[in-house]
Amino acid sequence: MKQEHGGNGTRKYGMVIDLDLCTGCGSCMVACMAENNVPFREDETDKLKSITWMRVYKLTNGKPYPETDICYLPRPCQHCEGSHGHSPCVSVCPATATDYDSQTGIVSQIYTRCFGCRYCMAACPYHARYFNWYDPIWPEGMEKYLNPNVSPRMRGVVEKCSFCFHRYQAAKDKAYLDGQKEIEEDAYQTACTQACPAGAITFGDLDNPDHAVHKLKKQPGAFRLLERLGTNTKVYYVSSREWVRRAGDNYLKTEGPKKVV
Amino acid sequence: MSELDGKSQTVSEIVVSSAHGQSGKEGGSGGVIVLFFFVGLVASLIVGWVLFPKALYSQKKQPIDFNHTLHNGLVGNGCESCHFFREDGSYSGVPKLAQCIECHEEAQSSDPEEIKFVEQFVKKEIEVPWLVYARQPDCVFFSHAAHVKSANMDCATCHGPIGESEHMKLYQQNRITGYSRNIWGENIVGIKKNTWDRMKMDDCSECHQKQKVLLGSVQTQKEGCFVCHK
Amino acid sequence: MDSALIPNGVRRCSLGKFLVPLAVVGAVLLWGVYAMLLCWFKGLNQTNMNDNYGFALWIWADLAVIALGGGAFFTGFLKYLIGKDELKHIINYAVLIGFICYSSALLILAIDIGQPLRGWFIFWHANVHSMLTEVAFCLSCYFMVLTIEYIPLILENRQIDKVPFFHHLSHNMHGTMAVFAATGAFLSFFHQGSLGGVAGVLFGRPFAYREGLFIWPWTFFLFTWSAAAYGPCFTLLVTRITEAVTGKKLVKDNVVELLAKISGWMMTTYIIAKIIDTLYWANVTAPSKGFNLIDFYSNNGFYGIWILVMEIILGGIVPAAILITDKGRKSPVVRTVAFVLAVIGVSVNRWVMVLQVMAVPVMPFDQWALYYPSWQEVATTILPVAYGIILIMISYRYLPIFPQEAELNPAE
Amino acid sequence: MFPFNFEWIWDMSHMVFMGGLWYALIILGIGMTYCIVKAAIDTAKGGDGHGHH
Amino acid sequence: MKIDRRSFLSLGIGVAAGTALSPLPWKLTDDLSIWTQNWPWTPVPEIGETSHVNSVCTLCPGGCGISVRKIEGRGVKIEGMTGHPVNQGGICALGLSGLQLLYGPTRIKTPLRRIGKRGEDRWEKISWEQAISEIAEKLDVLRTSGNSHTIAGIAGSRQGTVSQLFKRFLTAYGSPNFFHTPSCVDTYQLAFQYMNGVSGAPGFDLENADVILSFGSGLLDGWGSPVRMFKANTAWRKANAHVIQIEPRLSRTAAKADRWIAINPGTEAALALGVSHVLIKELLFDKEFVDSHTDGFESFVTSKGEMKKGFRQTVLENYSPETVARITGIDPSAIILLAREFAKAKAPLALCGKGQGIIPGSLAEAMAVHALNALVGSVNRKGGVFPMPETEIQVWHEVAMDSVAAVGINQTNLIGAPPNSPCGTNQIPAAILSGKGYPLNALFVLESNPLYTMADSKTVRDAFDKIPFLVSLSSFMDETARYADIVLPNHIYLERIEDAPAPTGFPKPVISLSKPVFKPQFNTKHAGDTLILLAKEMGGAVADAFPWDNFEACLEEVMGDKMKTLQEKGFWVDSDAAIPDWKAAFKTPSGKFQFSPAEATLGFVPVAIEGDSTFPLLLIPYETMRMAGGYIANPPFMTKTVEDTILKLNDSFIEINPKTAQSNQLSEGDFVVVQTSRGQARGRVHLEEGIMPGVIALPRGLGHTAYDGYIANKGINANQLIGPVQDPVSGLDAAWGIRAKLSKA
């Protein structure tokens, strides 16, 4: 795409999540909620109505006791690139409320533009998109902790993980002030990456050889969710366990995931 | 009712003839009809163009009538003397009391506005509830650093010659949206003569497209949404 | 009381007898309006939709009524563009039913969106790549066409017709109707198709996704085709019901049989195409994404192969077979059975393309999610039905909907 | 929807899609204007203008 | 001129046309949509200058450094503090939710006096002066009547200056009844005392171990300092270390371990001894260490002239793999393989303390595991376990007791133990209810919530009913505060200055300083200040023991020169601390590690578990990182992360193996009543392959009756179903579960 004014081209932010390290502790989920003003209600046990941009899935290998095994899989928005930025959700939004930015590789969602048709939710196979079924209400006094860098959403719109884009904005601001053209790898990190006590999440520019993710995504055992659908996601997972890699996509009985060398 | 149905054949005869009759009268009442049309038209045009814009905005006075020209003459670094960048690149916006106190711990002059400021706010340590003309809604992320530091733009390009004002103009607020009138602009149709007359999204994008900045959007081939939204 | 409003040469029941059922249906309508207001003021938490079911009963209702309302455009297409002139005896009713279906669809959409006051963004900030944008534009435009087609009918009311301007207007509109009908047909081909495209383009949903031509998935063409095939059946079914309720023959058999025959052949060709599409999808498209056909119809408490059988055989092959044979078509009872089956068939198809799409898990560790609507959803879905009945009652009573009525039911 | 909208691009998709849309709208608009204007003229002429149908 | 209907129609058309040609409808449409974008009931956070303040999180004993992001005075986010020795920038879900506690609806906003019945939640607001003087008056009456020993205090933490100040208050007042919330450290301390001859909290050099054999410790479920453990786990993965988890349930730790070995619950000690058997039999143990640094390995003659079996003989005779297999349910060959793998490691390390280690547990088990470490030489070395060097963290001046205090302090404590034995908190209810000993006239509860966290909730409440005066110093309206007569609300950790001692298991002496990041949000007081004020109000010798103006002055005095480092860096690490040399390591009579201490004999001494054969199942409570089960209740964010297979609406799910469920004719989601000899509760079953047949599990942290609507009345409090069980060796609480039965509800 076109050159950024004064910058040197495009970036493709993405994640590599090491499922061998992830313990499913839930820090990423809470860090995300705290950072992004995610609302909550008294009952959050209906997980189909519970907004969790970052959701940790619990996968099991389906074997009976005592061969049972569990793997935790954190699922942020996968920021699909599809082909040429036509991710499943971006192309279907009738009001251009969600978009793919080839400058950053981030799928944006503008809450004030969205009018709540939910077509994007139907399009997303990852259930990464959440609808505000209710007015977001914080108990009295608690609205004090809301982060001004992220706009709280109103009832009736769709929201999702933004790769903490406001942190990119802040990093850019600082870079502008300091007269730098580029922002450093550690100047822009998502809240979940920062919080993960196991260091399981690595975030950076997938195309930049200086960033850790560039190498990590190529390691053996790396895979993406539902790769066969052509969603071309920017969240990579790594697991040394074959059954986990198999759970990352659908396979016919005769097929299997890539073998790890 | 059913007996009436039986008469329908004959009724239709009358219908046709009465239609003829009525059209004959048309000429007489035609003028009235046209008159009424124009009365309605003009009245609603007046409502729409004159009364509605007046009713739409409430008017508020700033708590203190700040004199930009006077201050601009006294400070060394132009606008940035008071409206400065913080170390993290964010923009401080309207100064806080702590900044003003640096000079105004005591009144510097006999200007009644300054005395009011010192008495009512400085002494009582209450922040001044300034009404910000250029306040964008919560969904907007505006990077002053990008515009001022990177693109070297003048403050006036967007804010107009506010630095040369001696009085604060009335703050007009849209009663429905809560926006400052400066966002939509003074003109109710949204026509602008100067770059600073309006501060809507289209005005931002107009300049961005001219400058060809950050054109990453796959959908619009313009700047990505997250460039200016949060 | 209202005899001056009743068309010439036809017989209507007493006003009292008319008002009682009108009041009953009106009560149902008010119930729906109450539910609608709840949804608007309290938000969509009034529904049982959830993050897995962003699209649910309402979108199904939308797709279904538009398919069923397809009788309007296709009958118009046959009459004005193909020149099947006999169909002028049923076109009015087809237009009325179409008008009801399309206005209902728009109303449901206005309830269905989370931010109704921002609904116009779909036009203003249109994303032309979205099938929903295409739906919204064509739907609204075609609704305009239907309104234009319905207006002359209203103008033909005895009292309105007395006003010379309206009289002339009605006359002129009749004169230019072919142009409007052609535009309507053009729009309909697109929006019926784009409704099919809504599901077909979802490449993240292997159950819905189909390959296609240019930007349009096969479902695009299948939907247009099926609306053209099944829509007239609904028009004929409603006509039959109206005849039963009024106790009068309203449209001559030759007209019904002609439309039924065309519909039958459309259905036959459609169902062949649908079977080919299903076979290709089951054997090529889905397996390429790692799915077997049976994956979509097992491991859950509702969706089984039965639904495929119901849609294709019971709701497709059987009515098609009835309507293309002389014997079946000519028997009023058998052809009515065919109409009912056809309506069920196309409704099931739309259900599958909306709700089953949402139900099927895509990530291997995901689960089937089943859903049942809340009463608010049901009420707001019944609301258009009540509204439709009321509009039909009023239109039938005061407008010359059926040109053959007077002839078939001569005054004593 | 209009060329001055933020989302508008002069590309094939917009030409085809919006072209079709505006084409239909213009036909409907012209058609209805014609009918209304002609009805007004017919009314002004005072005559029935045509026979019964 | 004739005005008729048509004229008005025309007027209407004119108005419509004029309106359409004016900006009114269009601007209105636009403005209405903008109104929906800025609904006044959707909050807009205020912008402002960002700052960061470092402090320490004391919500659990983990002691992680935190960095609080503030915008113009309000807290926006809590993040992990980079460079903090314990958590190195990481943070857990609870730590991240801290601001929900600060601003949350359960904070107690002012001192309260009860006006309704106990627990009825009806209060009147009183001033601090009133509250303090009222309490002082009550205490004075007790003291002058010679009943100073009949008051007690329960503190949430064993260490820390506030706890010590609390204890000091009781001492100066004249009561021997200072207790703290128990933990596995209590048992470890005993094991160290007996086998190393040194008392001290255990330090586990886990990061440097390469085979970690965990006897049910929830290493990734909140054991010790949770964030440190996550970091350690990552280090193990990168270094190819092996973790073997032994427990009946596929916990988070078991799932992430390289191997999960399911064991009959409560038989861990037998397995440890079985592994020792193999090591000794196959000569796989560290002979050099055993020869030069241990005693009691071989049989010996005691000073009394009796022949006593050594560790070797005991283990070889009684704990063959076959015997152990019968006890533990683990295949003999698996035991042998396990032993070989353990022995082969360069730095093997075994540890115990179930779950988060909130139950002291079986001393026999701790000793067996400790002995196993000794066998492979993993005691007192890098990658091993050692008692933390006893550095004096706080330096206090002696309390000058008056005669009343001197008498009171020398009484036996409530449970009949010597004065100031802090453990045995779980025996308090039984002691009160038994009527033996002296009555308890007043109870002070600081930063703990015994009515919720103690086993057998009903008995605890019955006992509390017998205490005439109950004072809570909680920050939150928890179950105990709600039951209190007077509540003296404490600042929460983000509002107060306080030292946070080294977290459990951390192998270096470290103290962090909690700073007042925010001004107090409500009319609360630092518990330290409250105690000082109370002492001053009492006057006399009690007041003399508290010469400080406020808690900060006290902290500065007792911390001495460490305070400067704490203020500057936020934490203090004893840089001189090293693994003690052999002489300092073992202070037993022989100066060596003692395999066969005189105080307790090594062996498998099962903890008797409550319930008879009418209860065919075993219920085990478990802890998880997504639920806070102690004094702090779950903030809303954490509850939101709880899976719907654990809590659905207000129903807890009881985890059960599908086989067990089938034999009980239960299927997924069925409503059941779980019943034990202590109580019963209604819940639902969740079928999970990852649990041993015959065992059912419930998480801790649910079933609150107090707090707010975001956590109250959700699910089952496991503590209401289990009772305290005393370890036959140590007398400490060792209740790891209870027998139970399920019936359809």
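All chains are identified by letter, namely A, B, C, D and E, in their written order; residue positions are counted from 1 within each chain.
Note that a contact is a pair of C-beta atoms (placed from the backbone, for glycine too) under 8 Å apart; a residue touches a chain by one contact, two chains touch by 3 or more.
The structure presented is a predicted model; accordingly, all values stated were derived computationally and were not measured.
**Q** Going by CA means, which chain is nearest the middle of everything shown?
**A** Measuring from the global C-alpha mean, the nearest chain centre belongs to A.
**Q** With centres defined as the mean of C-alpha atoms, identify the chain lying farthest from chain E.
**A** Farthest by centroid: D.
**Q** Provide the C-alpha centroid distance between chain B and chain E, rounded to the nearest whole angstrom.
**A** Computed value for the inter-centroid distance: 56 Å.
**Q** On a C-alpha centroid basis, what's the spacing between chain A and chain B, in Å?
**A** 36
**Q** Just how far, in Å, is the C-alpha centre of chain C from the one of chain A?
**A** 39
**Q** Can you compute the centre-to-centre distance for chain B and chain C, using the mean CA position of each chain? Integer Å is fine.
**A** Whole-Å distance between the two chain centres: 44.
**Q** Do you know which chain E residues sit against two or more other chains?
**A** Each of 32, 35-37, 44-45, 47 in chain E touches at least two other chains.
**Q** Counting only residues that touch at least 2 other chains, which ones in chain D make the list?
**A** Correct list: 6-7, 43.
**Q** Which positions in chain A touch two or more other chains at once?
**A** 46, 86, 96, 111-113, 135, 151-152, 154-156
**Q** Considering only the defined contacts, which chain B positions touch chain A in the complex?
**A** Residues 85, 87-90, 137-139, 141, 143, 145-146, 149-151, 211-220, 224-227, 229-230 of chain B touch chain A in their complex.
**Q** Show which residues of chain A lie in contact with chain E when the two form their complex.
**A** Touch list, chain A to chain E: 20-21, 23-27, 29-31, 33-35, 37, 40, 42-47, 50, 52, 56, 58, 60, 63-66, 68-72, 111-112, 135-148, 151-156, 191, 194-200.
**Q** Residue numbers of chain D touching chain B in their complex, please.
**A** Within the complex, chain D contacts chain B at residues 4, 6-7, 9, 43, 46, 48, 52.
**Q** For the complex, which residues does chain E have touching chain A?
**A** 36-37, 39, 41-48, 71, 74-80, 87, 89-93, 96-97, 99-100, 102-105, 220, 226-227, 230-231, 233-234, 237, 250, 252, 255-256, 260, 262, 521, 625-626, 636-644, 647-650, 657-659, 689-693, 708-710
**Q** Residues of chain C touching chain E in their complex?
**A** So the residues of chain C in touch with chain E come to 115, 117-118, 120-121.
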